[in-house]
Structures are given as C-alpha cells and as structure tokens.
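Next up: some structures, all given as structure tokens.
In what comes next, subunit A is part of two complexes: it sits with subunit B in the first one and with subunit C in the second one.
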Partner chain A sequence: MAIKNKKLNLKDKYQYLTRDMAWEPTYQKKEDIYPDEQFEGIKITDWSQWEDPFRLTMDAYWKYQAEKEKKLYAIFDAFAQNNGHQNITDARYVNALKLFLSGVSPLEYAAFQGYARVGRQFSGAGARVACQLQAIDELRHSQTQQHAMSHYNKHFNGLHDAAHQHDRIWFLSVPKSFFDDARSAGPFEFLTAISFSFEYVLTNLLFVPFMSGAAYNGDMATVTFGFSAQSDEARHMTLGLEVIKFILEQHEDNVPIIQRWIDKWFWRGFRLLSLVGMMMDYMLPNKVMSWAEAWEVYYEQNGGALFKDLERYGIRPPKYQDVANAAKNHVSHQAWGTFYQYSQATNFHTWMPEEEEMTWLSEKYPETFDKYYRARFEHWDKEQKEGRRFYNNTLPQLCQVCQIPVIFTEKDDPSVFSHRQIKHEGERYHFCSDGCCDIFKNEPEKYIQAWLPVHQIYQGNCGGADVATVVEKYYHINLGVDNMEYHGSPDHQRWLDIKGLKPLQSNSEKKTAA
Partner chain B sequence: MSVNAISEYHAEPKDRVENFNGMQLLYVYWPKHLMFCAPFALLVAPDMTFGAFVDELLKPAAAGHPDSEKADFLNAQWLLNGEAFTPDPASTLIDSGIDHKSMLTVTTPGLEGIRGSAS
Partner chain C sequence: MTIEIKTTSVEPIRNTYSAIARRFGDKPATRYQEASFDIEAKTNFHYRPLWDPKRTLNDPSRTAMQMDDWYAVTDPRQFFYGAYVGNRAKMQEAAESNFGFCDKRNLLTRLPEETQHQLLRLLVPLRHVELGANMNNSKIAGDAIATTVAQMHMFAATDRLGIGQYLSRIALLLDGSTGKALDESKTFWMDDELWQPMRKLVEDMLVIDDWFELTLVQNVLLDGLMYPLIYDRMDAWLGEQGAEDVSLLTEFQRDWFKESLRWTNAMTKTVVGESEGNREQLQIWVTQWEPRAYEALKPIAQATTGLDALDEIRAELSVRLKKVGLESTGVQA
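== the complex of A and B ==
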C-alpha cells in the first residue's frame, strides 16, 4: 500500500491496520480456514458491514494502555507504602475482595481465552481485530485486579490461592461453569453470551457494585483499577451492542437463534449475579445502594430501553424477565443465608447483619425482609451470640445448569422453593427454576456432563469423605482461619489491633473462632 | 432439541449411580423450613431401611432447626418425586421405589418454621 501522508487520519489508519490486513484466500477454501463460522446457523452475508465505533488499532492500543497502567501501578505502590488497607471502613469489607478475586478475576482470564479463540474464528477482519483487542483487555484486567488486591493478601486471610480455588470450591463452579458454557459454544453464541448479554446488558450490575463498593469503603487500590478499566468496559459494551445489531441485520433467519441465546444468557447471567446481590446488601459495611435498587436502574430501566430499541429487529425481552424482576427483592437474602450456613466451606467469612443493617434491609425491602428473612437471621444471630453458631451439616441439592443450590423461591409464593425435576434418558435431573430447566432441555447433552461439586464430593473425587478434608486438602482453605464466622476470627482480631480497639473477650465470641 | 456442534456430539451423564460406589443420592426437602437454604443432598445406601434413613440421616440433618424436636417425620406427609408416598419404616429405600437422585418432600403440618415465617 502507498502511504501518501506521514500522519494518517484515524479512519485511514483503521482501514490499513485492520481491514487491509486481511486477504481473500486463493489456495485454501474459506470454510477450511474458518471452520467454526457456519455450524451455529448464523448467516453473515457481508462482513464489511461490521462497524467498529472505536476504530481502535493495535499501535494506539499499546500506547494508550501502557500509559494507563503506569499510572495504575504508581497508585498501587502508594497504596501499599501507605498501608492503604488500614483505611478501609471495616475488615468485613475484605471478604468482598476475596469473593471478587476467586469469583470474578478468573472470569476475566476465561474471557481472554474466549475472545482469543473467537478472534481467530471470524472471517471478517473487523470482528477479528475487535475480539483480539478485547482478549488483551481481559487478560490485563485479570492481572491488574490481582495486583490491586495482592496487598490485602499480606494482611488478611483467604486471598492466597484464588486461581486454584476457582477450579474447585463448590460455589465457584457457578461462575466457572457459566464461562465454560459460553467458551464451549460456537463463536456467535460466545459473543451473544459475553459481549451482549453479559457485557452490555448486565455488566453494570457487576462492575458498579464492586467498584462503587470499593469507593464507599475506602479501598483506593480497587477503585483505581475500576477507573482504569472503565474506558475498556465502555468499549466492550459498545462492541456488545454492535455485535447483536450486526448479526440481526445480516439475515432474518438469525433472529430466532439470537432470541434463544438472549433468553439463555440473560437467565444464566441473572443467576450468576445473585453473588453480587449478596455482596452489595451484606458484605459492604458502607452500602452503595440495595441490590433491588441496582436491578431497577441497571436492568429494568436501562434493559427496558434496550429491548424497546431491539424490537424493530423482532427481538423481545428475555423469557422469564418477570421472574427475575420479582426476585430482586429476595435473591440477596437467599444467597447470604446460603453462604452463612455453608461458611465452613467458603474462602471468606460470613456474619449476621448488625441491628442498624437489619433496619436498612427492612427499609430497602419493605415487602420481603421482615416477612421472610428477619426471623431466621435473628435466630442465627442469637444462636451465634450464645455460642451455637449455625452451620448446615449436610450438603445442598444443586441445580444441574447454574450449579447454585436450589435456594430460590417461587415468584408467586416466596415460602416455597422453585424446584423443578425431569427425567432424561432414564436419569433424574433437578433445577432451580423453569429458566434453568429450559436451558437443559435445549441442549441436554451439554449439561448432563456438569461437574457438580456436591456430587463429585460424594463420588469421592475431591480428596476425602468429610468436609474438613475436602476444604483443607482439596480447596486449600485454612478451615476456621480463612472462613467461618467473622466475629472472633483472626481477621477480626487483626482489625481490632489495627484500629487500637480492645480484643473481644466474651466466651461465646472466642468459641466461634473455631 | 439437542446440542448444535461442529461434529458428532456424544456425552455421558456424569452422575450415573455406578459412579457412587454402591451408594445413591437422595434429596430431601422440608417445606416451611427454609432456614435450610436448599433441599438436602444425602448419600444413602439403597438397602438402608426407611426408618434408618429417618433416624440416622434426616434427623441429624434437621437437628439445627428449633422445630426439629417437634417434627414427627415418620407420620408426616410425604411426596416421592412429586407423587404421594406412604413410607414403610421397615422397607428398604430401593424397595420403597426411592431410586438414585430421587426427591422426597416431607411436610410436617403445624410446623411453620421460625416465628411462623416458613424459615
């Protein structure tokens, strides 16, 4: 190519560095070079219609990201040198970081792998480059998150082995299987799942709570990561919307396929976000907003406008959206109750809300908290204070699809579990909802292989037959040090020392240190 | 429907009864006692009697609940995989029709959970 001017404008540079890097193959067939592009049934008639609103090219990417990361790491250094961990609101907050580090950062890595793969699989050069750049973003995010939080590992327990734990701990199979499901799908489903349903529709419900939560709780390292990642996330969201519009505009046969994927990935994302809901309502000492409020703003309002916009393509809002909207007043309480009673097998501490937090919950959830959840929480609080901290001594039934225990209740009767069961080729399968049951029925071969942690423990594949052995040897959790009740834990004691407060003395508190 | 794949796709269920070393899975749901966050997943011997199952597995599982002492499980209302079921304490689980990954629901009338909140 002949370069006329020394300095190219953005449009030319984008053309040269993306589209012009591609060529029409002559001695190999296109479908042999891009073997995964056809089988999902998505029809692309003209890849040149792909629009990349950011027109980002590799040279600009390196320069811009390098500058951003230099600033980011300067702040991490300052945070560490100034013992930034001492300025957080309360050590209970660190448990939100443990959840993030073991539940979310590995997903960034999984996203990197996913985008690297699909960035090879599209025959359109614009889509390939966009996916490759996002792959690098995801890898950077995984790394920078770990670096942002590594300072806490020097001062608090439970942050020492997040990647190992992501592959093994029972509840981490929820985020892990979510991404495994997406990554083992075809490239177009992957983009619908991750770029559209997750990054575009639901990402605000993941990032805003964690990053605002960090800001509200004095965690400058994580806040700075959040700011640094913001420009990347904006790009990912824009890409997510462009992807879906591009596919829908290419061929009308794509509409029903995309609709089924939107239904599936909305539901899977909604279930996954239960973990974020409980983090917001229960793990942040200084609360940003309630989960229900976040759901109203980021899903009901923003998502409502989005699906109105997509109507002209023949796309309707996701199936079971009404169930998800009603569940906003329940899921955080149900999830926290679950982690509280299985805290002997989590990689973080749990606790019952203090009186003023209970009042906050009653105010934020006037229809549900006092009616359905307060009684059990007050009972557990009393038991703990009397030295009988409640732990569930059996294992829970898991949903075959989302892998969350069957903890959710019926939309029309929150006092009844929404359990579903079917028989498929002679085997029984159990689900948490119609949403998950439908996903199974659409692709049973995929989900009959699910690695369900409870069943794996019972099959003897997790290092031992008792909880203590599984937790310590297989999960790499220091039982009673990294997890269980927060009050009286080593983290709690250390926090009291940092703040110059008197260590706890009462017998009941001591006993709970296990 | 079935999976849309690039080549022939065959998969084996991961939780066949053969994988449980002679044991089988049994789930138990105690309605109105949602303090237990999900139905219990228990590992049981198929030739265990129903009475032994109640005494040795269900009662210890439910023991953390204040209603557990008042619960008369053997004389409660039972469902097996959603169908009405009358347990026989002397019969084995497998002879009672309780196969691998079956779900029992046991309702104890009059017990409504902590402070009547279905907790």
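== the complex of A and C ==
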C-alpha cells in the first residue's frame, strides 16, 4: 500500500466511511454470505469499480431528512387545521388520491422491503449502502403518504382501506403484480426493474404526474410531500443509472440479460402507466398536460436520449417501443372507458367528462378522440343523465402478465382488440399484447402462478359469488359511497355543501350555479 | 382577554383509516399508528421468489417464531420515519459538536503514541462489527413481517452504519484524514488473534437464515454484552490510560444502546410471551449463541478491562433475559 500523507478527497473519504468497513471473509465462504448474487447469470468481476451514486454519510442524512420532515409535517398540520381539503379544485380530484393511496403507496412499501433485501444481498458494500438508503427513503414515502392523505380520508370516502384493497381489488393486481414480479426476481433484476426502468426511465410519468396534478388542483398536502420527496427521488434516479452502467461495464455477457430485462420492464411499466394516463386525462379537474404530451416529452424525447447514450454498451431501445409510442393517443381513453363501466368494483368514482373537458380531449387528441371515443362517451353521459347509468356486469378477461383486462387495441387498427393466446402445458393463457406474451414465454413457470382476480372470483376465493358481496365483504368497498358514479354520490353532495351550492341534477345546471 | 380566531369547523366523516379503526377504534389516531399498522401486503402474492421458491413473498415462515399477529410487537419509542430521523438529527448534532471539539483542540493527537495505537487496535476495528450489524438488520427489515417490526430493524441498520462511520472518524482524527490509520486498524481486524473469535462470530452471523434468530443474536445477545463492555467498561479503562477524551467520541453509542434496550426488550418479551413454543426455540438459540458472544469478547476484555468486567456484564444480561423468561448460562448473578 502506498504511503499516505495526503488528506483524502471527498470520494475516497466516503469510501472509507462505507465500503472500507467491509472485508474479505475467511471463516465463511463468500457464496454462502451472498447466496443470491450468482443465479441470474450476471457477472461482476470487480465491485471496486462501483461509483457511489451519491455521498451521504448517516449523520448528514439524519440532519437533512429531519429538516425536510419538520417542514413537511408543519404543512400537514396547517393543512388539517385549516381544512385544506376545501380548497381543492373539485372533489372529483380526490379520486386521483384514492388511486394513488391504493395503487402507488403500497408500492413504496414494497420498494422498502425490496431495497432492504438487496441492501443485504450484494457483495459490493458500496452498492449495499446505496440500496439501504433507498430502502429507508421508500419507507419514508410510504409513511408520509399515509399522513398526507390522512386528512382527506377524514372528509372523503374511498381512501379508508388502501393496503387491504391493494391485496385484493382486481385492477390493483396490476401494480401489485408488477412489484411482486420485481421482488421475486434476483437482486440484479430487481435493480434493473425498479432502479432503472421504474425510477430512472419512468418516474417522470408516474410519480411526477400525481404530484403535478396535486399542484394544479390545490392539494397542498400532497404537493408538499412531492417537493419534499424530490431530492430523495433524485438520489434514486442517480442510483438507477449507476446500476445499469455498472452492470453493463462489468462484463459483455451481461448485455443480453440486461436487454431482456429492459424489454420486459419497459413493457410492464408502460402497461402500468395506463392507470396514470387515465388519471391525467380524466381524473384531474385542472389538467396538467395530456398523457400523449407527457409520453412525448418524458419517454420519446428523454428516453430516446437515454437509449442513445446506452447504445455504446450494445443496448438498443426496448422492444415494442413503437407499439407503446403509437398507443399514447389511445390508452387513456380505453382505460377510462373500462373503469367507467366497472366503477361498481373500483374504490373510486368515475364520471363522463364535461363538455369543456371533451373539447380539451379533442384538442389534445385530434386524431383519435373524436373519431373513436367521443361518441361512446357522449352516449354514456346521456344515458346517465336520463337515469340509466351504464355498468358492465360481466367480468373481463385479464392479461396473464400485466393483469389489465384485454381492452387495448391493435397498433394499426383501433377497432380491433389486441389479444394473444398460447398453450402452455395443456393450459391456454391470454394476453393483451405481444409484449406481455413474450414476457410469459421467457418465464412461463413464473407467470402461470399469477393471482388473477377474475379467475379467483370465479373460483370462489374472494368471499362470494356475486359482485356486490366480493366488493363489499372482500374488497371493503362501501358500494355506492366509495365508488360508482360521481354525480349524486355522498362525496359530490358533501362537496356541494362545502361550496355552499345546492345539490344539482346534472352537469349543466351545476355549471350555472358555479 | 383572549383573542379568538373564528374558524369554520368541519365534522369529519371518520377519524382514521379502517385498518387502524379495526385495531384501535374509530378515534383520532397517532402518526405512529397510521404509519405503522397494516400497510404491508399480507396476502395474494403473485409469484414465488426465485431466491426462495418454497415460500411466498412476505412469508411468515421465514422465522421459526410464530405470532398470531406480528403487529403485537410494537416500538415503545413510537418511531416511524419522521420521528426516527428527528431524534437522530439531535443525537448527531451533539456528536458533531464533540468531534469538532476534539478536532479543534487536538485531543486525540495529543495522546501518547501507545494510546493512539490502542485506539486503532481495540476500538476502531469495531466499525467492521457495525457493518455486520448493518447488514444483518437490513436483511431482517427485508424479511420481517409487519411494519412495526420491519421498521425498527431498518432504523437499526442505518444506525449501525452511522455508528461504524463515527468509529471510522476516530481514526481519521488520529491520522489527519489520510486513511492510513483505518488501513492499519483493519489489519488488526483481519489478522490480530485478539479479533479472530469476533470476526468469526460476525461472519457466522452473516449466514444465519432465520431473521428472528438473527435479531436475537445480533441485537440482544451480542450487543447486550458488547455495548456495555466497550462503551462503559472499556471507556472507563481508556480513561485510566489518560484517554478520557475518547468518551466524547462514543457518547452517541452509549445513548444509542440505552435507547435500543427499550425496543429489544419489548420485542423479546412479546415474542416469548406469545407461546411456549416460541420460548423454547428462543431458549435454544440463547444457549447456542450467548456463549459465542461471550467468547468473542473475551480477548478484548482480557486485553483491557479484565475478564471480571465481562463476567459482570454477562450476569447483567442474564438478569435481563430472565425478566423475559429466558435463561443464559454463565456466571451467576
């Protein structure tokens, strides 16, 4: 070892305060201490090449995070004390929070568990420490979200049992199976899935739209959480990029494995984001930007630049990216149309857009909205106003992989549902797309295990044989209170009371009063 | 005269989330409750882990301990993330001021060469033990069932990383931040006979699979002997060598251990109290591991405080375990 008499620079000092505490074991075999590091086939030749994505010693972490928490909770307190829920744009907005609390917050918790696990698994101590800091950050997010929405839960319906519902409700198996998939994979795939694909590539399309939606709709509690979490998210994104570059630089044999994971997790992420797309286009009374615009900026442009940058490692853009790009003008409408029909089995309200919102949709989707979706939506709106609100009482066919009903259409023909099926060991499996079908073919033994909510209901595993029993007893949804049509619901009524408006029969009358 | 700001009062339609209301009734809940109970996924997991195909995700059978409800284990400190970082921020402020004081007045570099050498040989290598504790607690946080249990171990994991960093900074104070002293100190951990039983114990702990066995061995048995030995007895012994200033730099650890006794005692008590089966299994682990922890610390005690100090601490641990219904062999209290 060279004689040291120079002061350590920041980088080396941080290494002494993290990875240098590790040592080469001699009493136990390395593969017994780190048993999960080999089985995925990823080759790491030299962990010392790991570049710490951020340098945060625990004392600094405690200090900065405590300052952030102090400010955040001061806002939460002020928000509750001043009944901040009365200042949102419209009570329809709260349904975006229901989607968030039941669909996203449980993922933050799952991320905490996943990172705590991989924070133990890697034999590289630098990577372990970075993962552990993300683990505790994710715990933070799951908990501060409970607190941010606690006040809304006291004044609106449908937010009251989110974690219970995450384990059970049919469409919540979409986000749940996504994270279960990542957590049940090996440590390197987990990081490719969550740190890279989810946090780095897609976070601007998932986390950010909800927070921007809060900002645009007067939701001070949630947007303050968003700002407070921003510096955590920046750390997580930096880790995501470091992870992928590190693995790719370690060994050329890693490239095809990583490529397959990028293909898989891009597609799974894209499907998951359909829920965010419909939230942006339909659930925000005050809209931030359209889903198509968000996709163009955050995936086509930013993602495009990223994959250009990764080309030198032999990585190409994700397979079926063209299908995803083409779908940007359709997915939100198709998803909302589905949730509208099945609103008796969701934990949030649905409604048809008001006329000015229809106009906005026509402007934002000039090639698709009027041509394919407006007529149906206007019909449903008319039916509802005439007392015949449409609910679909059959249960849909779910995709074996992403678990979304098979509702999306072919890339080249929006009048034909995209449906794929294959036989595997004598059983037939159904898929929404080639993307999901490919994922199945790569790991059939994994995806045949999927807990498909519709199958489970039919098999009698969800507490009853009819939808009402399943929804009320198994899902813990207060039917007609937490969900179904927004207009005329208790939340709608309450909102009118808050705003000093009389209950109204229809949208047009409501506008006159406002 | 009082001033009275008129506010509109709005009646809530419920006081807390349903899961919290099922446990505690529909009344205003604490932040600890809303952050800590029933937010972890419990059922309907989709895929069996490739790394443990016999079990599901969040499978309660990752430990032999059986609990009707793991949320029965709660934190007497009521730490959720915000409360935790708030508390540690205060502790680190005190530590920072102590380190700053020592640095400014050269309190460590003033010590005789031999004493400085002793710090590198006897105190600083504990940073490696802390890293082991960090890894173990991170594993437990990932495997444990129930947020009330998992989060305590996550906080312990980051605490141990922080303590390892404070110990490392003692060496950085000694060598003027060149890293030379840490390199030297690590050679003791790797090669000095004095540390080998401890290093073997730490490596053996890294292959313990059952997470509750691991928390018992790490957070109750080893810490239960190591922290009083190092940070009380050896601290006093260092004082006798003229190195009482070192106390300033380990204050965090003393405060931390005192606090950690609260949750480790509560956790052990609840799990032992659940069933005779749990108690029997825990007793087997105590019998198996407590002597190992003792043996690992023996050379360090012999080189510093003398074995009597360790024996006394062992008796204290025995009393502590007895209170929760467990017996440890060793010296009579």
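In this section, the second predicted complex is superposed on the first by the 490 of 514 C-alpha atoms of A that agree within 3 Å, B and C clash if a C-alpha of one lies under 4 Å from a C-alpha of the other, contacts with A are read in each partner's own complex, and residues count from 1 in each chain.
Everything that follows uses one rule, which is that a contact is a pair of C-beta atoms (placed from the backbone, for glycine too) under 8 Å apart; a residue touches a chain by one contact, two chains touch by 3 or more.
Fair warning: this is a prediction, and the values are worked out from it, not measured in the lab.
With the C-alpha superposition on subunit A as described, subunit C and subunit B fit side by side in the combined arrangement.
In the overlay built on the shared chain, the residue A:61 is in contact with subunit C alone; subunit B does not reach it.
Contact comparison for subunit A: of subunit B and subunit C, C touches the greater number of residues. Across the overlaid pair of complexes, the angle with its corner at the CA centre of subunit A and arms to subunit B and subunit C is 130°, in steps of 10.
Contacts of A:39 after superposition: both subunit B and subunit C are touched. In the superposition on chain A, A:48 contacts neither subunit B nor subunit C.
When the two complexes are overlaid on their common chain A, residue A:186 makes contact with subunit B and with subunit C alike. Look at A:176: by the touch rule set out above, it reaches subunit C but stays clear of subunit B. In the superposition on chain A, contact is made by A:371 with subunit B only, not with subunit C. Of the two partner chains, subunit C is the only one touched by A:25; subunit B is not. Once the two complexes are overlaid on the shared chain, A:451 sits against subunit B and subunit C alike.
When the shared chain is aligned, subunit B comes close enough to touch A:334, but subunit C does not. Overlay on chain A (Cα): least separation between subunit B and subunit C is 5 Å. 35-36, 39, 186, 446, 449-451 are the residues of subunit A that lie in the contact sets of both subunit B and subunit C, per the superposition on chain A. Residues 7-8, 10, 12-19, 31, 34-36, 38-51, 57-58, 80-82, 85-86, 88-89, 91-93, 95-96, 127-128, 130-131, 134-136, 138-139, 141-143, 147, 150-151, 154-155, 157-159, 161-162, 164-166, 168-169, 172, 175-180, 182-183, 186, 189-190, 199-200, 203-204, 206-207 of subunit C are the ones touching subunit A in the complex. Subunit B meets subunit A in the complex at residues 1-6, 9-16, 19-21, 23, 25, 27, 29, 31-32, 34-43, 60-61, 63-64, 66, 81-82, 99-103, 113-119. Residues 1, 3-8, 12-13, 16-18, 20-23, 25-28, 32-33, 35-36, 39, 57-59, 61-63, 65-67, 69-70, 72-73, 82-83, 86, 105-106, 109-110, 112-120, 125, 128-129, 132-133, 135-136, 139-140, 142-144, 146-147, 150, 153-157, 159-164, 166-168, 173, 176-177, 180-181, 183-186, 446-447, 449-451, 456, 476, 494, 498 of subunit A are the ones that touch subunit C when the two sit in their complex. Interface of subunit A with subunit B (complex): residues 35-36, 39-41, 186, 334, 337-338, 341-342, 371-376, 379-380, 390-398, 405-407, 409, 415-417, 419, 421, 425, 427-430, 441-446, 448-452, 454-455, 458-460.
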